[in-house]
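Below you'll find the structures, each written out as structure tokens.
Two complexes, one shared chain (chain A), two partners (chain B, chain C).
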Partner chain A sequence: MSKERRVESYDRGRIEDLGRAKDWAIHKPGMWAFYLHRFTGLVLSFYLVMHLGVLGTGFWLGHEEYTVILQGLESLYIVRVLEIGLFAAFVFHALNGIRIVMFDMTVGLDIQEQLFYLSIALSFAIVLAGVPFFLL
Partner chain B sequence: MATTQETQKTETPAAAEAETATLDVFRYIPEEDDKPHTETYEIETFEGMTVLDALIKIRDEQDPSLTVRHSCRMARCGSDALYINGTQRLACNTQVSELKQPIDVEPLPRFDVIRDLVVEMSEFYNRMESVEPWFQPDHEPETGDEYLQSPENRKNIDTVLDCIWCAACTSSCSPAASDSDFPGPAALAKAYRFYKDEREGEETRRRRLEMLENSHGIYRCHTQFNCTEVCPKNISPTEAIMEMSRDAIKEKLRFWR
Partner chain C sequence: MSTKKSNTAGWNWFLQRATGVALVVLLGFHFAVEHFIVGAHHITAENTVERITYGVIEGDHVLGQISINMPAFLYQATAILLLAFSIYHGMYGVYNILMEQDGLKKYRAQLKYFFIVFSIVLFIQGILIFLAFFEPFWEIYDPR
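What follows is the complex of A and B.
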């Protein structure tokens, strides 16, 4: 409708949006919750592929090889530490998922910030409680 | 009147401890510049100075070519939504003293820049129009010539009626930036205003919900709450969108009711 009277304007574009690096620090809690939820979701789906790959060795290679591979992986310290990371991603994704489902039912929309902090705090508590199970 | 002027005159030198503010202002003049650049201005502040006051002062005293869109100066017209220190705010509603220096003043992100701090708003108005923000009753008024609304029904739309079309929320919304078919928070809050209006009747209500109920409509909202955070009138478009999407899903799950 306004194509004709449109003056020559400057399209700042996506690059400049992304280029505002200094603004990252002042993102609001709701935005951080979104980023964290997306990130942990990606971590979980990436893990799922690896998980199926490891489980698949039981079919492709045989039972003994599968046991050897799994024992070998579990004996590595880095794998156990990564498992804690995976657990943390799962716990946060689950708790924040509950928060998002609550929004869909229009519950707690006015306390979304506090709910985000609560899901972070609960995740920390649960992961800390779970650390002995992974490292011992 | 004379006495107030006199007291002001006598008080000013005492109060003026030469407090200054530094503003980094986004500048782009299409006739002169190929690319935007930032210009730094230093100004003397006074008590109660808003960012808009500061910009007008720069324009009056330092650089008459600085362009800024403003009208009422009291957070009512919605012309001067700017990107100040990394957040969408109304320049007339933001105190210079509350901001960290140097104050970073940019036009609204994700809109085309016409000149300096003025952005092309027609895309935003098209989004607003896409939700048909006008009264469409599906029946004749029951009593007399007027459609009467109950006070209880009016309470539902008290907050969303305050919208001043400043586009701060639509500028802050990342789904709106990546999807031009998504009406954005302001338009959906406006749609909520008509959706909740009982005077339009059941048929129009259902049609409005069907119009919005798709992946480029209410389901596009990621509940990032950016719009709620930046709204200068304390409207929560997220709440409006979520309420409509809840109703839409309840309508689909008929066994639920």
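What follows is the complex of A and C.
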């Protein structure tokens, strides 16, 4: 990417930024898909770092500690519920990611909004079906 | 000086898509194994060794008793690829989001090197976790 790339944005000042908050209301589905994809991507990336940190106990502390720490975390109800959130983030990010790759191949561009609704609906269905696996 | 135009951005774009598609399968498999077959609260060091060293996936969770004997190298390949792809995809994704913030653009070089080094550290940590549950290694290394 060239370094002299021009960026067409400028500081509009705090007041105007706040005024632009109403723009949320006119966001099109594609924009929501974009924000949701980013949000879930950040969640998954953050989790990846934490995950490797926790599992690292297996190497750095040993096997017994690994089992104790994992089962200790899993005994907390909040952890189980957060895992459902993690699963939801993955499912939506994956489905919407497939949608993005389709667009890259110029497939489905004219039904992109419907495909966003479809990825939301499928995400709900898959996550709902997955709930027992996390809570039981 | 080479006259060939650098196409790093194009490659990164392609790799982000390719690893993304692969991760749908790999991370789907990871969730299926750890959460749907084994169940996260049933995970122990012992059954992690069975999976990583021998490719034996055993669980008695919501779906009932399940036992799958995968070729060990295949399970190990999914683990290592999942590690590499998720780090690349995740870290490059976060870097890209940061690079879209006007205030951070002047730190492009520093952030790039930070993410490269951080990704390598994560990858090494992942490999060490893998080795911890790879029996031939652990038998020699185990600090106890």
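We adopt the following convention: the second predicted complex is superposed on the first by the 117 of 136 C-alpha atoms of A that agree within 3 Å, B and C clash if a C-alpha of one lies under 4 Å from a C-alpha of the other, contacts with A are read in each partner's own complex, and residues count from 1 in each chain.
We adopt the following convention: contacts are C-beta pairs under 8 Å (C-beta built on N, C-alpha and C of every residue); 3 or more make two chains touch, one makes a residue touch a chain.
Since the structure is predicted, the reported quantities are computational estimates derived from the model, not experimental observations.
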Which superposed partner A:Q112 touches (first chain B, second chain C, both, neither): first
First, second, both or neither for A:V49, with chain B first and chain C second: second
Broader residue contact with chain A after superposition on the shared chain, chain B or chain C: C
Which superposed partner A:D104 touches (first chain B, second chain C, both, neither): both
First, second, both or neither for A:M31, with chain B first and chain C second: first
Chain A residues contacted in one complex by chain B, in the other by chain C: 1, 7, 9, 100, 104
In the complex, chain A residues that touch chain C: 1, 7, 9, 38, 41-42, 44-45, 48-49, 52-53, 55-56, 58-60, 62-64, 66-67, 70-71, 74-75, 80, 83, 87, 90, 94, 97-98, 100-101, 104, 130, 132-134, 136
Partner chain B, residues of chain A touching it in the complex: 1-2, 6-12, 16-17, 20, 22-23, 26, 28-31, 33-34, 100, 103-106, 109-110, 112-113
Footprint of chain A on chain B - complex, ascending: 28, 30, 36, 85-87, 109-114, 119-120, 122, 126, 177, 222-226, 228-229, 236, 238-239, 242-243, 245-246, 249
Complex contacts: residues of chain C adjacent to chain A: 8-9, 17, 20-21, 23-24, 27-28, 31, 35-36, 39-41, 43-46, 48-49, 61-62, 86-87, 90-91, 93-94, 97, 102, 105, 122, 125-126, 128-129, 131-133, 138, 142-144
